[in-house]
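Written out below as structure tokens is the structure these notes cover.
Each chain carries a letter (A, B, C and D) given by its place in the written order, and its residues are counted from 1.
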Amino acid sequence: MSLVQRYWRIVLGIVVIAALIVAPMYLNRYGLFILSQWAVMTIAAMGLNLTLGYAGQVSLAQGAFVGIGAYAAAIMTSNGMPLIAALVVAIILCFAIGWILGYPALRVQHHYLAFVTLAFSTLAFLVFRNESWLTNGIYGISNIPRPSIFGYPTNRPLPFYYVCLGSLGLVSLATWWLIRSPWGRAFVALRENPVRALSLGIDTRRYTLMAFAIGSALGGVAGTLYAPLTQYIDPVPFNLSLSLDLLMMVIVGGAGFFFGPFLGAMIAVLLPEWLRFTQGYYLMLYAVAVIGLLIYSPTGILGIIDRYLIERRTRAASALRAVAKSSLEATP
Amino acid sequence: MLLATVVAGPAFAQGAPIKLANVAELSGGGATVGTNWKNGIDLAIEEINAKGGVLGRKLEVTHADSQSNPGVARAQVQKALDGEPYVLLGPGYSGSVKVTAPLAAEAGIAQIMGGEAAELTQAGNKFLFRTSFGQQSSMPKVAKYINDEVKAKSVAIVWVNNDFGRGGRDVITREFGKYGIKVAADLSTEAGQADFAADVSKIKAAAPDAVFVYLNEEESARILKELKRQAVTVPLVGETTLIGQKVVELAGDAANGARGHVGLTTDAPVDLIKAFREKFSKKYNYVPDHNGLKGYLAIYMIKATTEKMGKVDSKAFADNLHGLTIKAASEPGILMDVTFDANGDIDRQGFLVEIVDGKQVIKKVLPKLN
Amino acid sequence: MSNLLDLLISGLATGAIYAIVAVGFTLLWQTSQTINFAQGEFVMLPAFLMLAAMHAGVPFWLAIIIGMLASMLLLGLGFKLLLVDPMLRHGVLPLAIATMALAIGIKEAVKQFFSAEASPFPSIVPAGDIAILGRQVSVQSLGVLALAIAAVIGLTALLNRTSIGHQMQATAQNPTVARIIGIPVERMILLTFLINAFLVALASLLITPIYLAKFSSGEVLGQAAFIAAIVGGFNQVRGAIAGGLLIGVVDNLAAAYVSTQYRAAVPMILLIGIILLRPQGLLGRAEERTV
Amino acid sequence: MTAVLEISDIKKNFGGITAVDGVSFDVQEGEILGLIGPNGCGKSTLFNCILGQLKPNGGEVKVDGRVVTGFRPSDLNRLGVSRTFQLLQVFPKLSVRENLILAGQEHQGNMLSRLLGPSDAGLSKAADQMIDFFKLGHLAGESAGGLSYGQQKLLDAAMAFMGGPRLVLLDEPAGGVNLTMLGDLKARLAEINRERRATFVVIEHNMEFVMSLCSRVVVMAEGKVLAIGTPAEIRANTAVIDAYLGH
């Protein structure tokens, strides 16, 4: 990457972050709610991107983990416990369940793995709905309180948006660290060529389980924010279709790209809102847009950019070679 | 950014249209409910505007889709409230009402909704209004009917496992307790379920004196067929969703003998309702269910209340609707006399109905309480 | 005991519905590695095409033919050319996601252009019941079961007895080699898409009188059929039939003997068990894995 | 001299077919052992059995006198046994340097230190040295997928050496590599063998390559060992000539 290019990237990053911090001050409550939702869904999609995009393990259960996190938050905070305690419980719970769910991945791969996680997703929904003593069943849990951060209440939309954005920031940093660490490299190795990875001393078994567990735990983190965001949860939003939506976000954004989930969640959360002016047609147009995008670039939005960059680099390289060649020929 | 919505200027200038906002289940699991509700609203507004509007001002409504998801409902209600509507309409799912009611109350805007769960109007919210009986008022009537008329001592309950079915089941189970009626079987079913053989065989095994069926119309039709196939002959009791015309249409002979209480039905022997049904079918090419009626009534509630106040005043609206009685004689659009209490609950005539030879027969009219 | 018989017969009838939808899954998977999440909607749509033709004043029998042809054009040819072809070489996942979006699109389009209401649909099989072993069984269910069996016999005969069938099998097993030995692979793949479109239209015709024509009726159906296909073995037509029947029966037995609230859980647990113990499904072949 | 690798009576069946049928030999420290034989004689299967990619149906594998039969490849690798594959197996989306760091990272620290420690696991320098050693210096930052076939082959071999292995099993390292690069590769292998006392087992069809590099050669045919000896002895062995070289 050239210096200029890196410079532009940094500028772009700063502008986006500044916009995310400043612009919402001028948004109404609806806009803040949608942006908060985007931040929460991005966290969940980042988890799935880790499992699927980096480590190559298909999971159709991410929505169930968001549900587990949301119920942990709703139940605990309704009983007077702080959200941070719920967060810890959600992370541990989702990590453990994700770890266990990873075991089938050691036996079966690809679509069969997807089917197992799909079954888990349905089972989780049934538990949310049927175990009323814990989850209040189909009635759901209402009046979920929003937390106080260092004694500062976040009941208003703007402060809670900053809670979501801050969490997104922390999760992004942690994920960035993770994928740049040797673990991230091992995840990629797992995705690209597990047999070779094994022969290089990479304990693919342990990394597979870790990829599942960490990805699931991020789903739980998103859930603990989702509950106080809507302040009411019932089982229906956490059925299979949320898992499919999250999968769509990861693929549409660009699986295996760090910024993929940000864009994917933007498409899934914001695009339908933008299309609402078409009234009854908005979901249809949304579906057409997603299909069109995937036909144009099956590797997602970042796939387009990636393709463009590679093309440009190849062109630059061949130009360089041509120059070198002609200068060689020119020398007598 | 596209997210920013334009905040309306002076909202209620004389002559400007009165803005209403509807948030309903236009896609997802509740799409049939929400679409009926929306069509009812549109029909009523069209009628009123054709006759010059309310206090000389036209009505104007925006429709937003909640995707049958409480989280989306919350966002859309927030958006609607940011636009400062005169009154908020919807949603229909009780869960979505629960998540949005505090927002409307905080904004001081009245919310006229379709939810039927008992608890909705019992939380002390002063801005929430029903368009139909809540389960806390319809279920006692069904239980009384089962006790007094059917004289059943044990009843099997079949309910659809969503907030509607679960809510009805919980209230009626309590009511049965008061009469000392035993619940012989308690069967949860899934929305969209096709095969009721297992449920019916469980009913048969429990040998109850009557069966209370609380499902959506399509599933009601399927279980009626299965009950007939397995030769269950005890009385089948239900609510609007068991003995509506739609169920009769879908279940054929199997619906004969089904009976129960109907709060709001397009089949009621009331001329105004028959006329409504005709208008609706003509405009939309299908026969509405009670949700179509509810949407229609919501608009006429707004009209009657506003005309009573003599002004378009969003803040005073809720106060004026509490305790209001609207007579069909003076406001035909309300179809039947109706009174709203301090909780936003509704009081109206009800009917006891039985299906005989594929036709609804009104056995008894339950009078309005006051 | 008589009770059990009731449950079995009823379960087989429902299972036949799942089975017939599941067959299409396996066909598309075999020849073009397409996981079609819109299969349920594919079954929902043809009934509306037929209804639309009837609203235009066409008699029922002609509406059926029009619906079938339109379905083969849209869900067979159109689906393959517009969606599958451009995406196939990019792997299973993006295509699967695109079919999810397609499912949303079809549902919304039907709701918007037709109705959100359930409409009754005329039955080509008489609506009554007949007595079998002293049980009342609906003729419609028997019709579906008969069709499911006919479909598997017909498909098996087509695949094993005809030269086109052999070419299709070769295409499914190894497209590269098939191409080399001169089989028109593209045409064979197109043929499976057309067969799938024909099957879903046929299924639509038989199932809709029971399920009603409704924009959302594909959701339950699609998911049940999907699970049936996996349980039976994703790559075998007769596996899909067995899986469908099994899911129908297990669902009923679960509701009767386990718990009505958890009836949907039992097929899922069955699914997990089968995948872990026999990943290729009950009747499926093990798929070759390259190291 | 001590034996780094001892294999005794390894058997492997696939269904009814016996791919490896009671193979025994040992490899001495610092030795370069060639393993040759016609296609399908079980060489690669034997490799896979030694390295735990396949479970042998019978027999025993010892590394440094310790029985390691049935160990998983990753465990064996961390014991200092490394390999390359017949077909190219680099990670195309990672850069050349990252491929090498990946190949070495599991030999450093533990899971926790690999998570919390530096991104390169402290291996950048070692990787760069390896890059220089294999003359890939100008390509360090390129993604491996963009390299030419021969360059990838060099990278593949380089990865096998990152963990500082005692024993390296190379499966057709010379296959498809052009002449110039072949010379390079041979020189590198010989140098590593000399300087690091690393022990090699090499499967190769290129006879010239095997005969000039290896100190001893094992010839396999139909799942069995046909002959063991120095390159000169093998050249003179009539059975080998009949079974293999003669064709």
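The rule is simple: a residue touches a chain if its C-beta (ideal position, glycine included) is under 8 Å from a C-beta of that chain, and two chains touch if they have at least 3 such contacts.
Computed from a predicted structure; not experimentally measured.
> What chains, if any, are shared contacts of chain A and chain B?
C
> Name the chain whose C-alpha centroid is most distant from the C-alpha centroid of chain C.
D
> Just give me the whole-number Å value for how far the CA centre of chain B lies from that of chain C.
Measuring from centre to centre gives 36 Å for this pair.
> Could you grab the centroid distance between chain C and chain D? Build each centroid from C-alpha atoms only and quote it in angstrom.
Once rounded, the distance between the two centres reads 50 Å.
> Mind checking the centre-to-centre distance between chain A and chain C? Centres are C-alpha means, answer in whole Å.
Distance between chain centres: 32 Å.
> Nearest whole angstrom, what separates the Cα centre of chain B from the Cα centre of chain D?
Centre-to-centre distance between chain B and chain D: 75 Å.
> Touching at least two other chains at once: which residues of chain C meet that condition?
108, 111, 261, 264, 291
> Which positions in chain A touch two or more other chains at once?
Residue numbers touching two or more other chains: 129, 195, 280, 283.
> Give the residues of chain D touching no fewer than two other chains, as numbers and ranges.
53
> If we use the touch criterion from the header, which chain pairs count as touching?
Chain-chain contacts present: A-B, A-C, A-D, B-C.
> So in the complex, which bits of chain C are touching chain B?
Counting only chain C, the residues touching chain B are 3, 6-7, 9-11, 13-14, 17, 107-108, 111, 115-120, 127, 129, 136, 138, 210-212, 214-217, 219-220, 248, 251-256, 260-261, 263-264.
> Applying the document's contact rule, which stretches of chain C touch chain A when the two form their complex?
Chain C residues touching chain A: 35, 37, 82-83, 86-87, 90-95, 97-98, 100-102, 104-105, 108-109, 111-112, 223, 227, 230, 234, 261-262, 264-265, 268-269, 271-272, 275-276, 279, 289, 291.
> Within their complex, state which residues of chain A touch chain C.
58, 104, 107-112, 115-116, 119-120, 122-123, 126, 129-130, 195, 240, 244, 247-248, 251-252, 255, 280-281, 283-284, 286-288, 290-291, 294-295, 298-300
> Taking the complex as given, what residues does chain D use to touch chain A?
51, 53, 72-74, 77-78, 82-83, 85, 89-94, 98, 101-103, 105-107, 111, 114-117, 119, 121, 159, 162-163
> Give the list of chain A residues in touch with chain B in this complex.
23, 26-31, 33-35, 37, 129, 137-140, 142-143, 226, 229-234, 236-237, 270, 273-274, 276, 279-280, 282-283
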